[in-house]
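In the two assemblies presented below, chain A is common to both, partnered first by chain B and then by chain C.
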Partner chain A sequence: MCIELMLNATNLLLVAFSKMHNSIACTTNQQSLLGIEGQLFVFFIMVVAAAEVSVGLAIIVLIYRNTHSVDINFLNRLKN
Partner chain B sequence: MAATQIIFWFLSVLALVSALMVILSKSPVYSVLWLIALFFAISGHYILLNAQFLAIVNMIVYAGAIMVLFLFVIMLMNLNNETEPQKNLWIQLTGAISGGCLLMLLISLIKQATEIHGKRLIFENGTIGLIENLGKSLFNEFVIPFEISSVLFLSAMVGAVVIGKK
Partner chain C sequence: MNAIIISALCGVVMMFSSILLSSKLAIKNVAIMALVALIIANLAQIYGWYSVQVDTKNMLAFSSYGLFFNNIIFICTIFYFLLSGREIVNVGSDAAEYFALIFFVLCGVSILTCFNNLLMFFIGIEILSIPLYILTGSDKKNLKSNEAALKYFLMGSFSTGILLMGIALIYGSTGSFGLSASGIKSSVTGVYNVGILAPVGLVFLFISMAFKISAAPFHFWAPDVYDGAPSVFTSFMATIVKAAGLFAFIKLFSEKFEDLGPSFQLLLVVLIVCTLLVGNLTAVFQQSVKRMLAYSSIAQAGFMLFSLYSKNELAKEGVLLYTAAYSLATIGIFSILAKMKDYSFDGYNGLAKSNPILALTNTIFLLSLSGIPLTAGFFAKYFMLLSAIKAGCSLALVLFAVAFAAVSVYYYFRVIQAMYFKEGDANTVEPVPFSYNLGLLFLAGLIIVLGIFPTSLLNWYYF
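And then the complex of A and B:
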């Protein structure tokens, strides 16, 4: 969940900077599309986060099924 | 104080409080619920920044899909304080100190950055957040990353099914 928190902080930062970049251009040209890359980047971050969460939660469920705990210190051997 | 300013401060306080509660709450279920509140606050920020499409996508994808998945998995595992081993105090203290160092570093970097001094956000204008402009840009310049992300989704789906079937 903390990973989601950090990804959202990054997303908010990217949107704010893209908006800042765009507001400067908008003073001369109202229809300017400068800074649209930031918002598309946020979109791709969301895509990667969704993929990562699905795989990560599947791994956590597998760990829980094997050890009946989510403490990863039980898995310090890789073998057995 | 203008209305946008009041909304901005309200959303910022809500986002900070709920982000702190995500980390500090003992039960993972409460943590997930605070995270949903955080996502709504961030969606409000996106609307203030004229990024309407991202606000809606954030609400649907994060608060709707990812958080439900989290909630299902946490409720499936039935975690509680007795069965889970707790981290000891020194590890928590070390984590807090190192995280605080990173926070200080970031704040000092933002204070030194000359690129953003004197620049202002103008809330009302700009059309880059509209779905028309985003879609045109996505399917013209960014069409290859878009298709690659669909392959990424497919591989994530296959991976989750393979891991879950074991």
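And then the complex of A and C:
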């Protein structure tokens, strides 16, 4: 959930910057496509976020199967 | 381009081979053959033969340096497959999937060696990391493996978030994702003044890459993850993935951000000092060899960071040599570790009597890691430090690094001492086939050859 939020924040930022660069470029040239790659990047982030979340949820399901809980306090086996 | 396409295809082939083949041994052999095909395809590209011509709009730029690095990585992987293949297929019931995931990681590596755009950099990092989260948790019934996977996933995604924020900020100030865009100077004729964004973005990128290569003070996940993951995959993560991450780190910061000035150098020196200090000092106190190796890999990353400091030709050669020396030795040590029944130092007691070949090769690998002359590790460290001196690094920092190389001798020699000078029962190690011994001896021979003729690797690079 928090990871999703972090990635979506970046998405918003990218779109905003994209718009900003585009509007600067449009003052000289109306048809300018400058700044469009920022919006393209957003699609890549969405795809990667989906892949990452699916792996993350699978790991959590794995833990649930072994401990019958998703309480993180069970996860202290690796401390010295 | 060949390596990227073929490695992704190999991954798909491995996934299908799990349907078609039932024998684990056959799957392992298919994986080795696929890897050989990958090496041939990569060599073909070095010598100018392309399978497909793709116009990447300058998002990928292939240099002979990057392709050669690919080759070193692939050759290390083939040693890894040959020595640890048996353990890989025995981790769980899905033997072919592990190989498929490893091939996807290699695809990420081959993108990371040729990116010329922050978009490709991001994609490469993600293709590299996501299969690793799965590999870490592949021992499904083991709670330690699950915990390691969750920790790795959370830390990895967190650093991805920071990475993306850094990229977004740099984009905001320069208006381009390209590495060849004029450094951090704005390419948009300045209407708005957004100059402060770029340095902040760079620091974010720096932090997230330090996370990925587990440099102190961003190393907290590494020992836990390396300890919890199945030994074979720890070996893969600590060598091949780490070297590729460092390569990307160096490539990113030496190409795009040359003129960052003294503040960046200071940041880097702090990172190197912390990494050497924390990695070496904590490794001294470990009781388990696996955990000791995790900390030692943090310390070795500290040495590799010297090449980021110096950024000259010598450093580029040093990275190649260091990657080869460190990866080969660590793959060897881990493949022996996977045969041991007890991972503590005492588990190695009396190994010299019960299995002299294992003990001998393990000794050579450990000597190479600690940087004793006549092994590859010595010249790797030597190249790194020499390049740093040539780049005007202060002598104190170099002496500091040498002092910590001496500290590292202590914990590597503890293993050697346990193997040769302590009595132990003979049943500490699983029986190993003859071909495995032969592979280990060949690997040890290679390390010694690289230690005596370090230029042989570099000559191959130049011709």
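Just so we're on the same page, the second predicted complex is superposed on the first by the 77 of 80 C-alpha atoms of A that agree within 3 Å, B and C clash if a C-alpha of one lies under 4 Å from a C-alpha of the other, contacts with A are read in each partner's own complex, and residues count from 1 in each chain.
The rule is simple: a residue touches a chain if its C-beta (ideal position, glycine included) is under 8 Å from a C-beta of that chain, and two chains touch if they have at least 3 such contacts.
All values derive from a computational prediction rather than experimental measurement.
Considering which of chain B and chain C touches more of chain A, the answer is B. Contacts of A:19 after superposition: chain B is touched, whereas chain C is not reached.
When both complexes are overlaid on chain A, the residue A:61 reaches chain B alone and has no touch with chain C. In the superposition on chain A, contact of A:3 is made with chain C only, not with chain B.
By the document's definition of touching, of the two partners only chain C reaches A:45; chain B does not. In the superposition on chain A, A:35 contacts both chain B and chain C. Comparing the two interfaces of chain A, the one with chain B and the one with chain C have residues 20, 24, 27, 34-35, 37, 40, 44, 48, 51-52, 55, 58-60, 62 in common. The part of chain A that touches chain B in the complex is made up of residues 1-2, 4-5, 8, 11-12, 15-16, 18-20, 22-24, 26-27, 30-37, 39-40, 42-44, 46-55, 57-62, 64, 69-71, 73.
Within the complex formed with chain A, the residues of chain B that make contact are 19, 22-23, 28, 31-32, 35, 38-39, 42, 45-46, 49-51, 53-54, 57-58, 61-62, 65-66, 69-70, 73, 76-77, 79, 83-85, 116, 119-122, 125-129, 133-134, 137-138, 142, 145, 149, 152-153, 155-157, 159-160, 163-164, 166. If you check the complex, the residues on chain A that touch chain C are 3, 6-7, 9-10, 13-14, 17, 20-21, 24-25, 27, 34-35, 37-38, 40-41, 44-45, 48, 51-52, 55-56, 58-60, 62-63, 65-67, 74-78, 80.
The touching residues of chain C, when paired with chain A in their complex, are 119, 122-123, 126, 130, 133-134, 137, 140-141, 143-144, 146-151, 153-154, 157-158, 160-161, 164-165, 167-169, 171-172, 175-177, 188, 191-192, 224, 227-228, 291.
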